[in-house]
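In the part that follows, the structures are each spelled out as C-alpha cells.
Two complexes are shown next, each including subunit A; its partner changes from subunit B in the first to subunit C in the second.
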Partner chain A sequence: MNQADLSKLVSALRIAVKPKPRRFSCPEGPAGRLEKLRATVTALVKYERIELNHPRAEEAQGYAERLISDAIRNGDCHKHTMEMADYWLNEKQLVHKLFKVLAPRYQNYNSSFTRLVLGPKTYPGYYVGTAILELKGNPFPALQPETHNYHYWLHNVLLEEAKKEFRSARQDRNAGTTESVTAES
Partner chain B sequence: MLRRAVLQTFRQGLAQSFFKRNAVSLSETTVTHQPIETSNEADEKSVSKQKPGDESGNTVVVAPPEFRFMYPEFLPDPAMERRNRLKEKLERIDMLQRRSVVEIPEFYTGSVMAVTVADANSPNKFARFVGICIQRGGSGLRAWFILRNVVDKQGVEILYEMYCPLIQKIEVLRLERRLDESLLYLRDALPEYSTFPLDMEPERRLNNSVVPINPLKVKLRPRPWLERWERQNLQGVEDLNLPQRFYDKAEKVAKPWEKYDLMLQYRKTIPAEEQEKIFADVHSQLQQQEFKRKIRRQHSALNDSHMVRVGRDANPNQTRISGSIVPSCMLSSAGDMTFRLETYHY
Partner chain C sequence: MAGTRFQLLSTFSRQFSSLNNVTTVQPKIRIDEIRGRRLSIFDKEHKRQQDLIPRLEKIEVTYEGLNDEKTTLVMNKGVSTPYNCAQHINEQLLKRSVVAEVNGEIWDMHRAIPADCTLKLLHMKPEDPHQATLVNKAFWRSCSFLLGAIVESAFQDEISVCLHSFPPANVRSGSFVYDVQLNLNDWVPSQNDLRQIAASFQKFVRQDHIFQRLDVDSSVALKMFEDNAFKAEQIPHIATKSSTGRSVTVYRVGDHIDISRGPMIASSSLVGRCSIAAIHKLNSKLYRFQGVALPSEIHINHFAFSVLESRARKLNPARTPELKSN
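Let's look at the complex of A and B:
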C-alpha cells in the first residue's frame, strides 16, 4: 500500500486510463518511448486530427489530455506547466497555441478534450489497426455522422401525433364492431 | 449557458467548478506553509474557506489546501487496480472513529515524536519510545510511520501503525520538516543526528501557523552504506565526496525522462477533485474533534488549578493517557509493530 504523491495537484482526466502504461519498442529503449509520444502529441496539437496506429494513439491521448488539463488548471505563468509544455511540444509556436487557443477553448468542457475513433484495419498490415485521434472543436467536418434521433424534432413530433391518432381511430373502430356484434347476439 | 445551468443544480459540481475557476487566483497568494520542493505548487491561503451558498442556499465548506499534507493517510492508494470507493469510505469512517478516541497529531518526516503503547509484558503495562520520524507511508487504517533513535549506542527503529488500538498516546515533541521526504539516510549517518533523549520535553513553537523546515545537512559515515545515496538526489545530506566513477554510473543509470512523464505522475496521484471531496467530508469531523479536545484541555486545566487551591497534591509530571487500555481479547491481529535492531559500527 503506497501513499499518494502530494507534490503535484492534477485534474481528473475524463478518458479511460489503463492501470499500466504500454511499452514501445525503440532503439533508445524506455528513453525513446517518450520521444515517440512527443512527436505524436506535437502533431496532434499542430494538425488537430491525425491518423496513426491504435496503441500509440491511446497513449498519446493520455499525454495530450494531461497537458491540456494542466494548461487549463495552472495557466502559462506556472513554472512546471510551462516546462512540460516546452518538453512535449517540439515546435515552440505550438506552446502559444496551447495556452492561447486550446486552454480557452476547453475551459468549460465537462468531457474529454480529445476523441479517439478506430480506423480501418487493412490486410495485410498492422494487426491492431489504425485510429484517428482528434482534438474536439476542430474546424474539420465530423468523422462520424450524428445518429441521434431527438423526440423534439418536427418530423418526430408529427409522427408521434399521427401514431396516436391512428391508434385511437383503430380503438374506436374495434369498439364499434364489438358493440354491433354484442347487439346482434 | 444551458449546460452550466444544468451543472449548477448539483452542489458538489458547483463547489468543484467554483474551486477550479478560482484556482488561478488562489495561486497568486503568498506561501507560508509549503515545503521547498513544492514552492511552485498550491500557494494558497491557510484558512478554512466557507463558500458562499449555492442555488439551494446551503453553505459549502471546503477544507484548507494544506490538509493533504497534514492528513495524507486519508487519501487512498492511487493504484487503479486497488481502488474501491465503498471500502475507502468505510475506512475513513473507522479512521475518524479512532481519532475521536486517541489524538493523532499533525506530524511530518523529521518531527521528533513520543509514542506510548500498551504492552502486557512491561512492568508499567506501557512502553514509551521517543524518536525522529524517518518515513511515513500506507493509506487508510494501515498508515504507518517509523521512529528512529539511538539507545545505548544501539540504533533502534520502530514501525508504528497509526490506527493500531494498542497505541495509547502519540505526542509530537518537536514539529518540523526536513529537506527530504524520507530520512532513511540517517541509518548511514553519524549517530548524533539520530540521538534524542528519551525524556525529551515537548518543545513550544513560537509561530503556530508555519511548520519550520530544518535545513540541516547531515554528515554520513564512511562507506559501505546501505543504499546508493549518490543516486537519490538527497537535499539533506552533506557533500558525499565520492570518486567520480560513482557519479558517472549514477548518470548512466538515471532516468531523467521520468520527470516529464505526465501519465506516470497521474497514476501516482489522486486527482484534485477527488482530494477536495475526501477532505471536505473529513474536515468538519476533524474540526469538531479538535474543538472538543480543546474544551477538554481547558476543563482539565481548570480542574488542576482547582485541586491545587484545595490543597491536594496534583502531580504535574503525571501524563494523562487518553484512550483506554484495550483487553487482549479485543486486540486486532493486524496491530503489531515490527522491531528492527541495527548493528552499529564505527
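Let's look at the complex of A and C:
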C-alpha cells in the first residue's frame, strides 16, 4: 500500500518494452552490448532516421525514448539527466540537440517519440530482416503513405445507414417488449 | 477455379429453375434482334454526329491534378474526351478515374469536350465530401443501368422482359434498383436464381465495357425504343425536360442501350463486388430487382458485405411507377 507511484519516479514509455533485455553476442560482454546501443542511440539522435537490424533497433528504441522523456521531464539543469545524456551520446554536440531541439519538439506529444518500421528483407538473407528507426517530426518525407477512410466514401455511407437502421429496429423491439410487459402487469 | 465456376453458372443462367409454370403464348422477337436493331440506329446516329464536325479545331484543356498542379493539353474540339486527356497523363488516372469535372460540372469520361476548359478527374476515394456524393451517385446510377442490361438478357426467350425505369440514384437506400415487367404470374425467385443473375452481372462487368454517351433527337430515341412501350411513353416527357426540348440522352454499354440523364462511370470494370439481393413484386407483373455493389477500388470484409446484402434485401422505398398501358 505504501508503494511509491512508479510513474512519478520513472516516466512511462509509450512503446511496448520487452520484459527482458536482449543479449547481443559480443565478446566484450554486457559492456560491449551497451557500447553498441550507445552507437545506435547516438546515430538516431544525429540522423533522425536510420536503417539497421531489427533486434538492435527495437532494443535501442527503448533507451532513446527514455533519454528523451527524461530530458523533457527534468530539463538540462538536472544532474542525473545530464550525466545520462553525456553517457548515451558519444558526440557531445548532440547533448545540445537533445535539450534544445528534441525536448521542445516532443513537449506536447501524446504518443511515442520514435517510430519503428519493418524494413525490406533481402531474400535469401538474414531472417530477422531490417528495420527503420526514426524520430517523429523529422524533416524527411514520410515512410508510409497516409491512409484515409472518410465517412463519405461509398462503403462507409452504406454501412452507416445499415447501422442506423439496425439501431432503430432494436429500439423498436425494446419498446415493443416493454409495452407488452406493462400490458401484462 | 473462380473462372470455371463462372463459366458453369453462365451456361445455366438462361434457364431458371422456378420458371416451369410459364405458358408460352406467341413467339417473341428475340432480345438479340432488338438489341442489334438498336445498336445499328445508335451507330448510324453516332456516325452522323461525328460527320457534322467539318474539320478538327484545337482546344486547350487545363488539367488540375494533385496539389493543384496544372497541365495544359491541346485536344480536339468536340472529339476528345476526358478519357483521351487521361491517356496523355498517366495510366493510373486512366484506370482509376470514374467521372470527370469539366469547368466544375460533372462530366462523363467518354463524352466529348466542346470548348476550352479546366479538367479534374475524380475517383471513388475523393478527399472532398461534395465530390464523394457526386461520384457515389454516378456509381449507383451506373449499377442500376448495368442491372437493367443483365435482366433484359437473363431470361429465356419465351418470357418477355420489358424494362421500365430505374429511380434516381439514392445510395442511402442501401440498394440500387431496376423496375422490370415480366410476363410471369407469381414468380418467387429462388436463392439460386438470384445467384445466377449476380454471376452473369459479374461476368458482364468484367468484360470492361465502356459507357458511351449519345445525345439523340427524341424521334431517333422513339425509333430505338419502339419495342418497349414504357420507354416510348417516357421519351416525350424526358425530351420536354431537356434544355433544347427535343434531345434525349442514351447510353450504350456493350450491346445494351438505355435512357439515362447520366453522368455514368467510365467503364463497367470499375464495379467490383456485387450481389443481387432481392426481387420484389410491386404490382401486376412489375418486379423490382435490387442489388448492392462496391467499386473495385474498395474492399470490405465478407461480414460487412453480408450486412449490406441483408439490408439490400428489404424493399427499396423508391417511388413505385404507375402503369398506364395495361
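Simple rule for what comes next: the second predicted complex is superposed on the first by the 143 of 185 C-alpha atoms of A that agree within 3 Å, B and C clash if a C-alpha of one lies under 4 Å from a C-alpha of the other, contacts with A are read in each partner's own complex, and residues count from 1 in each chain.
Criterion: contacts are C-beta pairs under 8 Å (C-beta built on N, C-alpha and C of every residue); 3 or more make two chains touch, one makes a residue touch a chain.
Keep in mind that this is a model prediction, so the values were computed, not measured.
Visitor: In the overlay, answer first, second, both or neither for which of subunit B and subunit C A:157 touches.
Guide: second
Visitor: Compare subunit B and subunit C by how many residues of subunit A each one touches, and report the one with more.
Guide: Partner touching more subunit A residues in the overlay: B.
Visitor: Which partner chains sit in contact with A:91 here, subunit B, subunit C, both or neither? Use first/second/both/neither.
Guide: neither
Visitor: Have a look at where A:165 lands relative to subunit B and subunit C in the superposition and call it first, second, both or neither.
Guide: It touches subunit C, and subunit B stays clear.
Visitor: State whether A:179 touches subunit B only (first), subunit C only (second), both chains, or neither.
Guide: In the superposition, A:179 contacts neither subunit B nor subunit C.
Visitor: Under the stated touch criterion, which partner chain does A:21 make contact with: subunit B (first), subunit C (second), both, or neither?
Guide: After superposition on chain A, A:21 lies in contact with subunit B alone.
Visitor: For A:67 in the superposed arrangement: first (subunit B), second (subunit C), both or neither?
Guide: Only subunit B is touched by A:67; subunit C is not.
Visitor: Please give the residue numbers of subunit A that touch subunit B in the complex, ascending.
Guide: Subunit A residues touching subunit B: 1-13, 17-19, 21, 30-31, 34, 59, 62-63, 66-67, 70, 73-75, 78-80, 83-84, 87-88, 108, 110.
Visitor: In their shared complex, at which residues does subunit C touch subunit A?
Guide: 124-125, 127, 129, 132-133, 135-136, 139, 171-174, 292, 294-295, 298, 300, 304, 307-308, 311
Visitor: Spell out the residues on subunit A that touch subunit C in their complex, using ranges where they run on.
Guide: The contact residues of subunit A facing subunit C are 148, 150, 152-155, 157-159, 161-162, 165.
Visitor: Can you list the subunit B residues touching subunit A in their complex?
Guide: Subunit B reaches subunit A through residues 3-4, 7, 20, 23-24, 27, 37-38, 40-42, 68-69, 72-73, 75-82, 136-140, 142-143, 255, 257, 260-275.
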